[in-house]
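Two complexes follow with chain A in common, the first pairing it with chain B and the second with chain C.
Now for the complex of A and B:
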């Protein structure tokens, strides 16, 4: 918990997205429906309507300050509320002032303009309440505890790790580097912008298996295969993210701002349980770059990956489904 | 020292990390031998044909001029090249965030420049001279060309590149500050440059001490409210990019003009200069004697 040298509100600001519209290249506007954002996931997906040619998006916002913000004897005055959009990939920082809905209200609203040219993938949206405290202007007195994600590409408002799956013939692909892996059924590439699994279509039947649906043994085997791939991906992205860490002059590692940061935040609690993620990151970094402890940590990393991939569940269902099939063939 | 590859492409393209890996050979990183260019050309993803911005020649000629002009002091090339590269290779931030573009520029177009600028000096501890691989392919603030482009983008004041020259003239400033997100706030970037320009902060330790203090104070102070910025006009940038089609080569002697965006509000810069000066006077700086 952070300690502040002045009085502020203890509880967070709640932020809701109330509308999303796109301005298209021909000057027209497309008002997107509510499927473009998820309040539960706190994600806005601007790719929902499939427009390739949008220029900017206008996101309607409504923020509610915690109780106590407006008491007459508050320690702050001159309260203002700003929504701040940040993007670590493109170094964009856009701030918009919200306005109070009514004189005695704790609700503030406004709209944020997102320029397409300014973002490649995901940006993060937070709200700050700012006031003058003890004569110091610009003090933060409350903020959102969890940022919204504005995804400028995705067609579905979901959070978490984004993963791209591409199918290619490893021997005939125009990506020449895949040829070196011709005998592997799949490989994971974490050096791309978004971690990518390349599935080798040269393995006969693999595409059919991956596309299978329904409730038969086949689909259970597919789930098992997907869980195995996902375990590989989580393990690879964790190592990739640890290997790319930036280090402050003092020697402490910095959380990456892109998907690598998301991956680390999600996995570290399983890798180093019981400590704050910042401390967990320092410990793991020390072990990787220091003399000892990196090999011992591999089991924890693998465990964290298996949990994310839900491998136990996939295996459980596959075994039950095989047992059932065996029973039926014995009849 | 290596020269340019036998085959230099005519147009920029995208070179994915997994494809670039096999060209980052030991011989290249020791600046002994460069690839021929033909095999690399097969591994790239092309950019649209009809866009004049992807022509290689203007960039190639810029880096050659830089290597000639600054042959006696290569670090000074940064302040000269950053604004000129930015005005030659006109990109949106969305385009510039694609690392594959920068990898292609460094590996296929100008590996000789990367070697010239970043080959380490031989020291007692590390006698073998070497180019760090991240100068070819790496984080935006480390890669040879993307660090210059982003320094120009983040430190320019609207169309004015003069602050970029100041910022890139101080290796400590671009080395420590470029990776921090505090300069994503334009008034903060301009205030830092002004403190360097008028000699208030100069050494790496001072810059580091100040940026740590600014970040720490930023946990309780919201700079967007203390020193507001104006929203940027996307049309100005689009127009400037479209003009790349007909723009003449950038001047080697006077600074070019950037996109015609509004400069940072002067009151905001002035307010932050005062605020940072105050922070700096009380900030712990390694090696500085405290006045008692």
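Now for the complex of A and C:
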């Protein structure tokens, strides 16, 4: 629980994205459709238009302060509202002042300039209302409770982080390190910007199977394969994320802000059920760095990965479809 | 001056109405009976001075006697006429048209408001104004009203019906209605007034609006092509809403009848077959003045009431503007029971367990809701055109005590985004593509009209309907992603959710204007209007296969509507969603499996329970230390994990500096031992207090944010 040494507003600011446009390399602008962002998922996907050459994006914003922000006897004065875009990977933070729509309005609006070179992928966008409280300027009196995500790469405004999938011939790829794994059908690389699964095209038929959209036994086998791959991937990314934690002076781990944070937030409740994710992270970290318990935890990590991969469902369908096929052949 | 009928016959009828003989009149006038007889047979006419005396004797003014376009006010007293039982012994245990509806004020709102829209006086371009008044009567006000409707004459009929109650629906409803009035000592009147409408014009019996509403079943005299109703079923909702089956009517006519326009009164009662004092009655009854021309002068017809009578019947109208007032006596709203809890807010204080179908506050709310939902478009103007409709709802008790202030139904409150869309369309400010929140995109959608007369497959022409799509206005604008379809009368007919939208699609609202709603200039607007009207069932809630469609067009004609729906959904999807990208590396299934998304959490294992922080109060002490009082809640469990409270300072990124405790003491429900809280078994709630050690603070306390956490074990 967090507490401030001064009075502030209890309720959060609501933030809406109202428009998105891209500035292209040749100086022209492309006003994107409103489907470039999702107000439900709170995501802006700047990759939707398929431009390879955009330089910057302008995101129109509108924020509504909670009731009570503008009461005459408020403890704060000189209220300003700023939109802050934070990128945990590049450590770039961009802030823009919003302007009040009308004299007595709680709505503030403005636009945020996102430079493409400042970001690698997903940045989070929040709004803070700051004012002078007890003579100290710039104190935060309210903020958004749920940040928007600005994704400079994705072509679909969906909330969840998507791991990369790439096809490559392991024996002939320019990524020479893959050659060492030439006999593996797939391999997971967690050191990339976003964890990436390389699918070995040398294994004949694997790409066709993964791309198949038919029904019947083929699709069941595909789902089984996908479940198997996903189990591997989730196990690998969990370990990748755990092995790369920043540690506080007291020895406690800091929750990561990038994809690792998203992966951990999602998987930890299955690894250490019943506690807050922060506490779960501490427990897992203790076991990994401490003397005992790491080996015992592997079962839980494996369980979390299997759940995410929906392995039991895929297996169930595959078995049922096999049984059906057997019955038909008996007739 | 317009001269009515001959003096002789007119006078004869007035005498009959007043129940006077020629001799009695002669005596009052101080003349011989022969003189009166001579006037009646037309052999002579009275002198002007005598005319004045005749007027006095008949209780009317000189003008009426001179013009003779109407009957005098004098006459047989207003009474109830019950239709006698059929001579063949047939029994009708209720009105089939009324059976089609349950008592639901929302259905009533739709049907009555639609009727008012259809009867709007179009010449002056003004909207028709409709007002719903919920009026609860108790005590002396109830008694006075019961006297006014001659309750004592009606009561034997209600008793007779109650005896039949066990056997059939109408009887049970009526029985419950009467019992509620006596047991709770109250009666709810629901009044529906419209102004700037045509009123119930026409003769009492011959074809006309009056007879269509008052005398006949299933007759609709809607003239306009874009009229909403066409089944004549709508009026039955008036009686269906009355638990007593009783509706009183006061109409101001747009076209004079019998030389008058104001205060044409009639009442109609719908009861099942019954026997009272040994006489069988067919069912319906009318409240009016006995018609001297009818056999035995028994049939009740409408009468021109004076202001006092109208007031006693709670049917006074605000002005002499034409229109009709319907008074539903004993209104109830059975459908509200189902709806309660789901779409009503908590601000209605409900008595526990009392499911009341006669709560006027709730009815008020449901009326506003239904009117906003179904008629927002008719209430919306823009681009220099006035709305077609204005509606308000109010609730009163007894002598004008206001329960709910008169609420004007505001379309921009009830349907904010759609109203904005329609206004933008009227104002001509729509866009082709949605690029900014608040924009309204407009697009034409084709409706291929079939050839009429059973020709299969032929196309008469393509009507261009108008589709408007805009962003939904906030979280209360629900349900989202729906298309409201409407035609010429601007009533929402169809509400359909657009299927197969990708996840994360921004919530939107859409409007489809078809037929004459798409504008006079739209190609084949009239034909489309006619086609859709035929495809509209009595419930007015969809367009699809109907018998009329099959008869006038062809059995497959309804497929044209399916085609329209498909076009609409595609157009909406094009406007609000991006086309799916296919052929991505690795296949869709693998992509999906590798998306980090919320899943249901794993089951919490049994074992030691972990206390959580539930409340925190913190202040800065005199020495600059943080002083905290924290509340902990503990899940039910046998073994409770000891927790260490940890004070940290919040930072934007990186590790958070940890503060040391100077004091840590238990207040309630726990013990402090070496910086750790221990909880005795069975405790569900605990409180502790603490103060930080100022020497461990890296910065001035007033500039810090404190984070308090409970950590299991030692809290390292």
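Just so it is clear, the second predicted complex is superposed on the first by the 320 of 331 C-alpha atoms of A that agree within 3 Å, B and C clash if a C-alpha of one lies under 4 Å from a C-alpha of the other, contacts with A are read in each partner's own complex, and residues count from 1 in each chain.
Just so it is clear, contacts are C-beta pairs under 8 Å (C-beta built on N, C-alpha and C of every residue); 3 or more make two chains touch, one makes a residue touch a chain.
A quick note: this is a predicted structure, and the numbers were derived from the prediction, not measured.
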Between chain B (first) and chain C (second), which, if any, makes contact with A:90: first, second, both or neither?
first
When the two structures are overlaid on chain A, which partner does A:305 contact: first (chain B), second (chain C), both, or neither?
neither
Look at A:38 in the shared chain and tell me whether it touches chain B only, chain C only, both, or neither; answer first, second, both or neither.
second
Determine, under the contact definition given at the top, whether A:226 touches first (chain B), second (chain C), both, or neither.
second
Based on the superposed arrangement, let me know which partner A:118 touches: chain B (first), chain C (second), both, or neither?
first
Could you look at A:175 and tell me whether it touches chain B, chain C, both or neither (first, second, both, neither)?
first
Touching A:273, do we find chain B (first), chain C (second), both, or neither?
second
Contacts of A:167 with chain B and chain C, given as first, second, both or neither
second
Could you say whether A:246 touches chain B, chain C, both of them, or neither, answering first, second, both or neither?
both
Partner contacting more residues of chain A (chain B vs chain C):
C
Chain A residues contacted in one complex by chain B, in the other by chain C
2, 4-6, 88, 91, 136, 246, 249, 257
Within their complex, chain A touches chain B through residues 2, 4-6, 55-56, 80, 82, 84, 86, 88-95, 113, 115-120, 128, 130, 136-140, 175-177, 189, 191-193, 244, 246, 249, 257
In the complex of these two chains, what residues of chain B are touching chain A?
16-19, 21-22, 42-43, 92-94, 96-99, 139, 150, 153-154, 176, 179, 181, 183-185, 208, 219-226, 228-229, 231-232, 234, 237-238
Applying the document's contact rule, which stretches of chain A touch chain C when the two form their complex?
1-6, 16-19, 21, 31-41, 43, 48, 60, 62, 88, 91, 134, 136, 155-163, 165-167, 197, 199, 210-213, 222-223, 226-227, 229-230, 233, 246-252, 254, 257, 259, 262-263, 266, 269-270, 273-276, 278-279, 282-283, 286, 303-304, 307-310
Show which residues of chain C lie in contact with chain A when the two form their complex.
433-439, 471, 502-507, 576-578, 581, 583-591, 593-599, 601-605, 610, 612-613, 616, 618, 620, 628, 630, 650, 653-658, 701-709, 711-712, 716
